[in-house]
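Can you read through this structure? Questions will come right after.
The chains carry the letters A, B, C, D, E and F, assigned in the order they are written, with residues numbered from 1 in each.
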Amino acid sequence: MFFHVKELQFEAKPERPDPVFAKKLQELIGGQYGEMTVAMQYMFQGWATRGNEKYRDLLLDIGTEEIGHVEMLATMVARLMDDAPVNQQEEAAKDPVVGAIMGGMNPQHAIVSGLGARPTDSVGNPWMGTYITASGNLLADFRSNLNAESQGRLQAARLYEMTDDKGIKDLLSVLIARDAYHQNQWAAAIAELEEKEGLLVPSTFPREKERTDISYTLYNLSAGEESSTGRWAQGPALDGQGEYKYVSNPKPEGDKPMLKPAPPNLHNTLPMD
Amino acid sequence: MFFHVKELQFEAKPERPDPVFAKKLQELIGGQYGEMTVAMQYMFQGWATRGNEKYRDLLLDIGTEEIGHVEMLATMVARLMDDAPVNQQEEAAKDPVVGAIMGGMNPQHAIVSGLGARPTDSVGNPWMGTYITASGNLLADFRSNLNAESQGRLQAARLYEMTDDKGIKDLLSVLIARDAYHQNQWAAAIAELEEKEGLLVPSTFPREKERTDISYTLYNLSAGEESSTGRWAQGPALDGQGEYKYVSNPKPEGDKPMLKPAPPNLHNTLPMD
Amino acid sequence: MFFHVKELQFEAKPERPDPVFAKKLQELIGGQYGEMTVAMQYMFQGWATRGNEKYRDLLLDIGTEEIGHVEMLATMVARLMDDAPVNQQEEAAKDPVVGAIMGGMNPQHAIVSGLGARPTDSVGNPWMGTYITASGNLLADFRSNLNAESQGRLQAARLYEMTDDKGIKDLLSVLIARDAYHQNQWAAAIAELEEKEGLLVPSTFPREKERTDISYTLYNLSAGEESSTGRWAQGPALDGQGEYKYVSNPKPEGDKPMLKPAPPNLHNTLPMD
Amino acid sequence: MFFHVKELQFEAKPERPDPVFAKKLQELIGGQYGEMTVAMQYMFQGWATRGNEKYRDLLLDIGTEEIGHVEMLATMVARLMDDAPVNQQEEAAKDPVVGAIMGGMNPQHAIVSGLGARPTDSVGNPWMGTYITASGNLLADFRSNLNAESQGRLQAARLYEMTDDKGIKDLLSVLIARDAYHQNQWAAAIAELEEKEGLLVPSTFPREKERTDISYTLYNLSAGEESSTGRWAQGPALDGQGEYKYVSNPKPEGDKPMLKPAPPNLHNTLPMD
Amino acid sequence: MFFHVKELQFEAKPERPDPVFAKKLQELIGGQYGEMTVAMQYMFQGWATRGNEKYRDLLLDIGTEEIGHVEMLATMVARLMDDAPVNQQEEAAKDPVVGAIMGGMNPQHAIVSGLGARPTDSVGNPWMGTYITASGNLLADFRSNLNAESQGRLQAARLYEMTDDKGIKDLLSVLIARDAYHQNQWAAAIAELEEKEGLLVPSTFPREKERTDISYTLYNLSAGEESSTGRWAQGPALDGQGEYKYVSNPKPEGDKPMLKPAPPNLHNTLPMD
Amino acid sequence: MFFHVKELQFEAKPERPDPVFAKKLQELIGGQYGEMTVAMQYMFQGWATRGNEKYRDLLLDIGTEEIGHVEMLATMVARLMDDAPVNQQEEAAKDPVVGAIMGGMNPQHAIVSGLGARPTDSVGNPWMGTYITASGNLLADFRSNLNAESQGRLQAARLYEMTDDKGIKDLLSVLIARDAYHQNQWAAAIAELEEKEGLLVPSTFPREKERTDISYTLYNLSAGEESSTGRWAQGPALDGQGEYKYVSNPKPEGDKPMLKPAPPNLHNTLPMD
């Protein structure tokens, strides 16, 4: 069960209108690694956690925080369009600067949402449920989370460099700091789990059931051997259970597949060989 | 530039028809973490790598391998439908087992692809470009890769437990082994980069530009303090640059947002307060 | 800014496992009119409300409630899969009932989410940002909300009829009651706004700019005149500004369009007439 | 069965080329509330109407009209690109106005459709079947229809304000008038049904099966009590069957959910508590 | 402008309920090559045809026919669910045949559409605007049309084999016949255009601007030379302008790409070589 | 099984930065008819070919070539953004040319991919599995392939006309030549199959099962008889098995559909007639 307070967790006020930046900022709202993604991802992971209340609590702490991030960004987007000449066509025709502003903004910000934020990314793709990951395996999912916070902080940092509006930079400096904590925090949770379970996900699958003769092998399938110089190509494996191998000239082990004809009532092309 | 040999890298022959399992196996072909995803993800990452030939080569080695995994799975799916009663309606009506088989299979395997694999997941969603990640920041992307291999091995292990067909198990034991290597390998690449760059992505963003007073803080936004007992809530942070803090009763720092009215020519609802 | 308490607003415990019903219940989580939709829709509407604090508050009250509905349903879905034979293939092969259960469930509940709810509908389509509506015009949006609660209650009622599990029925009886309130509540908000603004959205667009000679006309474009007997075909219009008209044999007013050839550098087919 | 006449129902001729406006106008063709949506929505509703020939006829009258609206808009979009410098790169490089025009247009209008309209919205998202609603419950669906005509007229009015081309304004003034009629008409159909069935959808679900103690309650889940002043928070409910209640400090009624561990062969994280 | 008559062009009455077949039949309504696709494809092509009234008329003749095909199929789907036990849970629990029927049907046919057809394919994916093709080049588009009618007839033929219901077979025998005509008809239109323009699309692009030294070459990139025995590997090319060539051991002509580092403010990984 | 060489098959070096053209060029990478589509389409067709090794080999030859085309285009896109002012906001504000460049580029090229190519089309829609066709019927699929190469060459030719950068033109001249060969080559494969099987897909469906009385009929459903003058309206049909007929005033053969009421537990609107 959730509660809301009306105040924003952090301030979200730009210095001046900038509808073109509003379009770009949508990436952090409804993009693949935007705040809708992390909010939903952490909540779905938390709701499905079976035992392990410490992790469940952590997931819901942060998932709940991230809805507040969507709120701050949605507020910022709405304010970036205050007082912008979004549909004053005569002026736009005369003044190339006004025209450029209108040309570079997201047309749906005017036509569809009436200057409100959209549940989409910076080019207008709608947010999708396929952006989130929740597998029931916490080590796998925390790796997904660490990746999401890494991609998210990277995007926020790039956007920070694209504006000199102090109000936007202030909000982004908050988001960048939170993404730094969340990287630090998922990394700590991963370290805790790896200590118990080891490196491989899932840790409970018996190794003897996999083809262990090829579990430590790098196949050189891209001509040139630069990749052979990495730590992943020789020496003990990070999981402590094997030795990396490098195969410079891999060969197929299987046969050339020959498929049987389909039954006639499917009307596939019949074999003519 | 790519070349193909007709032999499969590993064998892909089931013992008997199983169109219901063919439906499930589609998850590993065209699902969010299927082989199409890792093939495309590693290639797009590789093609965009600027300098760092060792990593570029590695990405293209493995991306090229993964196209071959799609090939093996597509072959397996096609063979799982050989000799299956996919559209013999009279028998199905009489024999509940035949009926159940036909009911549980993916209808597009008969109607659309004529017993061939589909570029979709196990419920029929088409593969999408949004499944892949390629940011130009290798540490971020290798974390995405480690996650993908973790989710992928987890799914393959679950599928392994769902069948007793030795031919399917043989192929899955190969994929599980390869996913084990790829976890080991991306973990090694991550370790190499973290040694140089530290934990935080992006490492090049100046810390003083972020709100560092909140860069190590866990906000307790989900009532109950179980999460405060984790390694992420006190002590030195994993990045070696701060101390974790726990705020058990977080307060908003921002104001309640009051938005200006929209210009009249947008025909939004006017303020009535 | 949001807070979470760990207790569910209402209980969500089924009497017994039912993975097939879990699949169906997904419609209320991630379907077009599921709880993710209303949660996101009301919050995006609220965050974009300009003035009109009464409505903003209402939207955030209910939007916040709806996230808790997703939580209850996600919990129910997870519990419906407890103790279900989701991947015990030997028993399934022998026992047709077990086989039927496994055949009718969503394969991603086992392979992908490890018995957790998915951000998808009952056939597996991912939730999409395009499911929500937020236009900045409250009367328009409240009509969208009234529709959403009508479709939602209809779907919940249908699902209520499809089970005799008391635990599921208890949760659905809560959701059906809340959808009843929300219909009552959006209807009241609509009545309030229509009293001020009249029937037509947007109320601020000057009527003289539209083709008012056709603003009250029903064109009979589907042979047969059954539709002419409705209240929309004669008498004073509901907006109090015109008289309904019925045109039983409508004629085109425009010309047959003749398009100019495209410029040669687009390589369209050239006119041959 | 359908017939077509070549003349447009209304004229669709712009005064001058404007490929940037063509991009925006796509919202009314293939957007969430564009004419493809209402055409398909009304026809799918009509084809599924069981009995109630008056409503079936009405739905097919209007659905058929809306295909003609797509036709007029598609013609307008094609003409807005006549004589526009869509790929004359030398001039564009020299003349910033030409460059701006080309920069602001939808690149697929040149590359993909050769100056024809696209089945997409104003940012290029393809039209989707999920935009439409057809539930078999006419009261629910007519509310969806009233919403669609409200959003549609709002968008058309916003576009009307964004141009001073008389030809475009003429077409939009037709569409705005038709959307006015359709609001008036669905409102009348709704009034007719509500008179018979009452306010709540579905009217046939027995009230005693829902949790009627909470069927009239507003939960104050967003701190601040502005919403308590509305008509939906006290007094007799609009459905005439209850009294609105306001709960200013709602408490959870359910328990904190504790999920059972997943079976081992799913390889979820095991409980460590 | 369009008109509708209430009678179906052809009859659409099944002999008995079959909700499982209703699910499959959706492929012909809202699948990639369903009737919604051809209806929309031919109309968008027709509306964008510039000159060439013969082809424009043909496109609109057939596009208009195809909407009527959607109508017949939607009617059939609705009737296939008449009298089916779609949500009688007690009986289903007792009777495995009833259970199987309910398990194999599309749950949205009951929960969402109330026994009406859905704008989706046989696994529930929504119809999408990306299914259609309209390029402004008629020869290209007629090839797309010939393909659509070929895939469509193939799917209808497969479905014909999957039922012994005479009513369904009657409707499918109509659709199969119409798809036969449409193949014959687009093939004739293609022949007409190829006679004027030659084989290559677009015919107006000057051949000397392409790399004509490789315009007739088959590269053997998949080991094994079976493909060299085809008509496409030697002798005069079908376009009458060149000789087919076979290169059995192709070599790259380009360099190994070395990309420049990204500017620092993008925070990509810096080159470490 | 696949191998990769690091050299590009053909060179991919632009003369100068052009991030706006990079955005447009995405159409050829991840658009409906981009190189990802043909690569995946030919490989899925090849992997599902049953017998007919000549065609399987051909499909894999060309599918393998097309992955290399994605590689060249991805390299070109990356290089088109080298040295472009992608996020230098101060200069952009001052210099309208810089501003225009930044405004016209794809914001995700900076924010998301760090100057790398994206798996999307020119407006940012992600590539989708639904773009590909693989039916198991080779004649049907080769028609799809001929269409894909026609649309692809058309788009490449249009892009060729939109730039005067010699490096881009060089790459496009290669792609245009390859698309010319592939049209020539699929046309030859089609001719071979049509010679054996005749014109109609599928050739194996017995003609007597279709409604042959309407297998050669053009219905004039769009007023005006321009279409009656084509080769498809009279004379012997192309398949050599019938005579084209033209019906200038088609009538419905079916009845007006009357659907039964839905069962009460679905809560549809009850018949009021």
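Definition applied: a contact is a pair of C-beta atoms (placed from the backbone, for glycine too) under 8 Å apart; a residue touches a chain by one contact, two chains touch by 3 or more.
On a predicted model such as this, the values are computed, not experimentally measured, just so you know.
Between chain A and chain C, the least number of touching-chain steps is 1. Identification of common neighbours of chain B and chain F yields A, C, D, E. Inter-chain spacing, taken between the CA centroids of chain A and chain B, is 11 Å.
Chain C and chain E have centres, each the mean of its CA atoms, that are 29 Å apart. Contacts with at least two other chains are made by residues 1-9, 32, 47-48, 50, 53-54, 57, 60-61, 63-65, 68, 75, 78, 87, 96, 100, 103-104, 110, 112, 114-115, 120, 123-126, 128, 130, 135-137, 139, 154, 157-158, 161, 202, 205, 221-222, 224, 252, 254, 256-257, 259-260, 262, 265-268 of chain D.
Under the stated contact rule, the graph of chain-to-chain touches is complete, every pair of chains being in contact. Those residues of chain D whose C-beta lies close enough to touch chain C in the complex are 5-12, 32, 53-58, 60-65, 68, 72, 75, 78-79, 82-83, 86-88, 110, 114-115, 125, 128, 130-131, 133, 135, 137, 139-140, 143-144, 146-147, 150-151, 153-154, 157, 160, 169, 173-174, 176-178, 180-181, 183-185, 187-189, 191-192, 199-202, 205, 207, 209-222, 224-227, 229-232, 237-239, 242, 244, 250, 252-257, 259-260, 262-263, 265-268. Residue ranges of chain F in contact with chain D, taken from their complex: 20, 23-24, 27, 31-32, 96-97, 100, 103-104, 121-125, 154-155, 158-159, 161-164, 221-224, 252, 257-262, 264, 266-273. Every residue of chain E that touches chain D in the complex is listed here, in rising order: 1-9, 30, 36, 40, 43-45, 47-48, 50, 57, 60-61, 63-65, 67-68, 70-71, 74-75, 78, 112-120, 126-130, 132, 134-137. Across the complex, chain C is touched by residues 1-6, 47-54, 87, 89-90, 96, 99-100, 103-104, 106-108, 110-112, 114, 120, 123-126, 135-139, 193, 196, 202, 204-205 of chain E.
Residues 154, 157-158, 161, 256, 265-267 of chain F are the ones touching chain C in the complex.
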